[in-house]
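Each structure below appears as structure tokens.
In the two assemblies presented below, chain A is common to both, partnered first by chain B and then by chain C.
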Partner chain A sequence: MSNRTLPRLLQTPAVIMLLIWMLIPLSLTLYFSFIRYVLNNLRRPEWTTPSFSNWRGFGNYEFVLNSKDFLFAIQNSLLIVGSILFLTVILGVLIAVMINKAFPGQGIVRVLLISPFFVMPAVNAVLWVNMILDPVLGLQGLAVAGINDLIGSLQSAPGVGWFFSLWPEVKPISFRATQTSAYAVIIMVTWQWTPFAVLIFMTSLQSEDQQQKEAAVLDGAGTFSQFRFLTLPHLGRPIAIVVMIQAIFHLSLYAEIEIVSRGNGNKNLPYLIGEFANNNIGAASATGIFAVILANIVAIFLLRMIGKTLME
Partner chain B sequence: MAIVATTTKFSVYGRPVLAWIVGLLFFFPIFWLVLTSFKTDADAVKPEFLLFFTPTLDNYLNMTENYDYWRFATNSIITSVFATIFALAVGIPSAYAMAFNPSRATKDVLMWMLSTKMLPAAAVLYPMTFITKSIGLFDTHFMVIVVLMLINLPIVIWMLFTYFKEIPKDIIEAGQMDGVNTWGEVKEILIPLAWGGIASTALLCFIFCWNEAYWTVRLTTTEAATLSKLIEGNRAPEGLFFGRLSAVSAAAVGPIVVLGWFCQKQLVQGLTFGAVK
Partner chain C sequence: MGRIVLENVTKSFGDAQVIPPLDLTIEDGEFAVFVGPSGCGKSTLLRLIAGLEETTSGRIVIDDNDATQVPPSKRGLAMVFQSYALYPHMSVRKNIAFPLRMAKMDQAAIDTKVEAAAKILNLADYLEQKPGQLSGGQRQRVAIGRAIVREPAAFLFDEPLSNLDAALRVGMRLEISELHNRLNTTMIYVTHDQVEAMTMADKIVVLRAGNIEQVGSPLDLYHTPRNIFVAGFIGSPKMNIIDGPEAEKQGATSIGFRPEHTDVSTTEGMWKGRVGVAEHLGSDTFIHVHDTGLADMITVRITGDIAVTHGDDIYLTPQMDKLHKFDADGLRMA
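Coming up: the complex of A and B.
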């Protein structure tokens, strides 16, 4: 057995590095979350340096729990992550199945499809919120104006004009309000991460058992039942992996939220922490600890979901 | 029979057309970004679907003259390349140990590593800035490289682990019989066999490093600032200057998108995360 010691030792550098990377900031956060610690306070300058003499117990935690934004931020985090996962998996499966068989220009379509995945999150947000979703300057405004023009000209058409005059004028949606800017974030992240899902599902589809499919065709199975009973079960494992990796990335979503919702009230947990951290480090740290707890709950779910298959 | 005929017709004509439409739709925002970057600021905010206009290079010239684009780009390349190399250097031995000499704790160690990615960066921003400033590493390439490496290490190890596990154990054991030492096993047997997987991992790690925008923005000011920082500095006060903004954005994502195109075969075959059995 001794000849296994060296190979096993090879994983220690990675373990030690990640341990340090996790433990030092985490213990500092834990410490700050129990003391009064603010960056600026003219009346109580002693609070601006971290010290045990400013001990506050669970006061920061109470403060965070009582702030009106906290529950909203958690809800919003879950709404955003959940919606993105739902949309990317459905779109990813449909697109991967659609482009799986050879057709003219398959390679080009594949390149076009996966391109959004390489785009920087900050660029993604700037691009969507200013140039596409903006109701005045963006393409959305143009599209809405175009639809209204079309309806307008149909209203003066002879014969059917009375019917179209019943139609209301279409109004552009502002994606800068609290609720709609969460939708804007969902749209832009879905655009960016659907290609990731497509990539993984596509790879998996290439290994699908073709003989089984041919047999199913001979038995008279239609396209839909082939998809339902052969392809979908085959994709179970890749779907679990896509969900897991995306959950890890999107729980800490920050740049998109920051750019889309500058101060309009739309926030997720990381963004709320960032807001607190502008002055109240104690409260930010307490929120951070709550975020760690939330991440762990999600991690346990994910572990249940794919942990077993991971080691097979 | 009629049903069969219509499905074939759909898969001959309908499916390719639909695929092309979806592909073009997904690519359209990038196309629009690049197109806008060649417009003057006045053209860029015109409320019309402007496809044909007199293109100008002013936005790009302005960017390289006034924003020192090349320094940001060089920093992005340096930090992403070295972070990827170091992540592989630490990750390959680690994944090798987990795949070929697993213990009962291996699965938990792997999941724990992934869970470190879920720590909210915003919560530890303040202590991290404080530490890096007090040890004099704030705004240095070294710090950015270390942080990028640590952020991506869990995903790198996990990907490598799934590739290594596909390699039959017998091959490694045969090497051991022949008296090859551990280093030899990794160098002579493992790396050549898992080359495709390692390349895919490196590529994905590089993409994530290039696009990282939390730590790179907050742990740098000028010296080690990457393209993320350039975007950060440009998006706020000049919000309405779409032409300029687009040029900066296109120049920031251009290199990585083109790299992605060239390596797309590698990504399509390699990005399995152990999902293919």
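Coming up: the complex of A and C.
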């Protein structure tokens, strides 16, 4: 036995496991995406078992491309992921910089800040959509009602009443509606994932070189210049990490979309896959392949962009 | 201009007083070196002058203006840190240009100044590289370049050479001295290495536990150390200090004599000892002498060589005119 054989043998089970883990689902998805495969069809019962004799070529892909929701789902996937990334990174950096300074109660504030991350996505969605965003029963409804009451009482006030009667009544926004359900998802996921960004950025800020800061102070850099020229470049890599990880996670959002509006006006690719998978496994698999392609395009694009702008 | 005066300056971190009340004047154009063992407060003192630490009490006067409350960027001082503190994401050019950019100088003027500094410091070929791609000595030069372009009233150096290897250290020492001669700007230089202090300084400030033990030119300190601490700290190898009857014979509590001010013979002399390690440097020989009954070990330095080996008997005679006498408080006796 050469001295390489034993290590290789010992590695083999792990490698095989990994291959099985990745290759089997991917190959099955590819396979299903090229055949007719449905769960239920009375006229063509042979389509309900996967087999090469049901070969459809790129038929499933054509079907998906032509379905009315496909482009919308891609657009919506990008809107949701892009907005969440934008908001979490900005909020994350601001909060991390703010709580990086020593202040009393720092420990408690940090724990509280991190806590949203430990709420389950479905619970997060139920809480937000019912208790906060609901136009009647949620905090939003209460706030809007309160504001309207206030305006109402001001309108009957002597002297200034005429001014306030020019004000319109404030209307609550229904976040389950076609036009707004995507924003509800963006808000709740941003709330949940900002702590993740804060956590990563905070760790990175603690490793920032203090002598560089002092040198910058002596060089005449104010607080903003220090942030712009030292802290932000220092955060370049952690920002890249946060963006990459979140992009991967949020391209596959599902629970929030289901709970907010059951896909009404707000579908992304995973949700579309779910809808197809009610019956048409072939179309669902083809959509899955599109999702893989989209994820790769997004990843490459993000890597390029971050690499260019932040590493100066 | 760069005359820096400290009046009754103190600094405490919490309850710990690191700098007891201290007065010091550094004249314009002077090369002053703060020297002392690690932890004696040299960096703290330098940071007080720079404004990176607030004084607990006392006044710092720069060029006749009270600068005690002036923010660091307005004091007109430039500092070179031990870790260089270069901005890792910027090219060498941008690093050197940074203070000018912060001062909102126009781009053409910045370019001229940066290139002039780069030329003085032999950095012209590296302007577009990042600090991470440079050697230790080059990084040190970038840090100096960043200080030079500001045309500060004074340069502050905090152990700038301690991260360099020995050969490079000697080279940079010369370069900094040359820079001082060329610019004629006040420089304050912190080090724990008395060789750096002796070779570079116009004025040495010896510190111990935040106290100034002595201020003077290198040769002042060498020839007339004010107390035993300074006597032992300045000079290499260290001065031999002995107490007891031999010191009392000279009317002192302790006497000190430098290794190079001791006559050595294999046949006769004042004190007899046994040769321990002999270090032959070619030009000089350092001999460590044991069993003299005076101290654990006495070091002597002779020019040239002498035929002794480990275990041989040896006789030592200090040169009486260069003997240092100290009283019971460790202070120099007139």
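As a working rule, the second predicted complex is superposed on the first by the 278 of 312 C-alpha atoms of A that agree within 3 Å, B and C clash if a C-alpha of one lies under 4 Å from a C-alpha of the other, contacts with A are read in each partner's own complex, and residues count from 1 in each chain.
The rule is simple: contacts are C-beta pairs under 8 Å (C-beta built on N, C-alpha and C of every residue); 3 or more make two chains touch, one makes a residue touch a chain.
Predicted model only: the values in this text are computed from it and were never measured.
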Partner contacting more residues of chain A (chain B vs chain C): B
First, second, both or neither for A:Arg43, with chain B first and chain C second: neither
Chain B versus chain C as contact partner of A:Lys68, first or second or both or neither: neither
First (chain B), second (chain C), both or neither touched by A:Ala215: second
Partner chain in contact with A:Val119 - chain B first, chain C second, else both or neither: first
Touching partner for A:Thr287 - first (chain B), second (chain C), both, neither: first
Shared chain A contacts, counted only where both chain B and chain C touch the same residue: 311
Complex interface listing, chain B residues touching chain A: 3, 7, 11, 15-16, 18-20, 22-24, 26-27, 29-30, 32-33, 36, 45, 47-49, 90-91, 93-94, 96-98, 100-101, 103, 106-107, 109-111, 113-128, 130-131, 150, 153-155, 157, 176, 182, 207, 210-211, 213-214, 227-228, 231-232, 235, 239-240, 242, 245-246, 249, 252-253, 256-257, 259-261, 264, 267-277
Contact set on chain A toward chain C in their complex: 209, 211-212, 214-221, 225, 229-230, 233-234, 236, 311-312
In the complex, chain A residues that touch chain B: 3-4, 6-11, 13-15, 17-18, 21-22, 24-26, 28-29, 32, 95, 98-99, 101, 103-106, 108-123, 126-128, 130-132, 136-137, 139, 141-142, 145, 191, 194-195, 199-200, 202-204, 206-207, 222-223, 237-238, 241, 244-245, 248-249, 251-252, 254-255, 259, 269-271, 273-274, 277, 281, 284-285, 287-289, 291-292, 295-296, 298-299, 303, 307, 310-311
Touching residues (chain side chain C, partner chain A) in the complex: 50, 52, 72-73, 77-79, 81, 83, 85-90, 98-99, 102-103, 146, 150
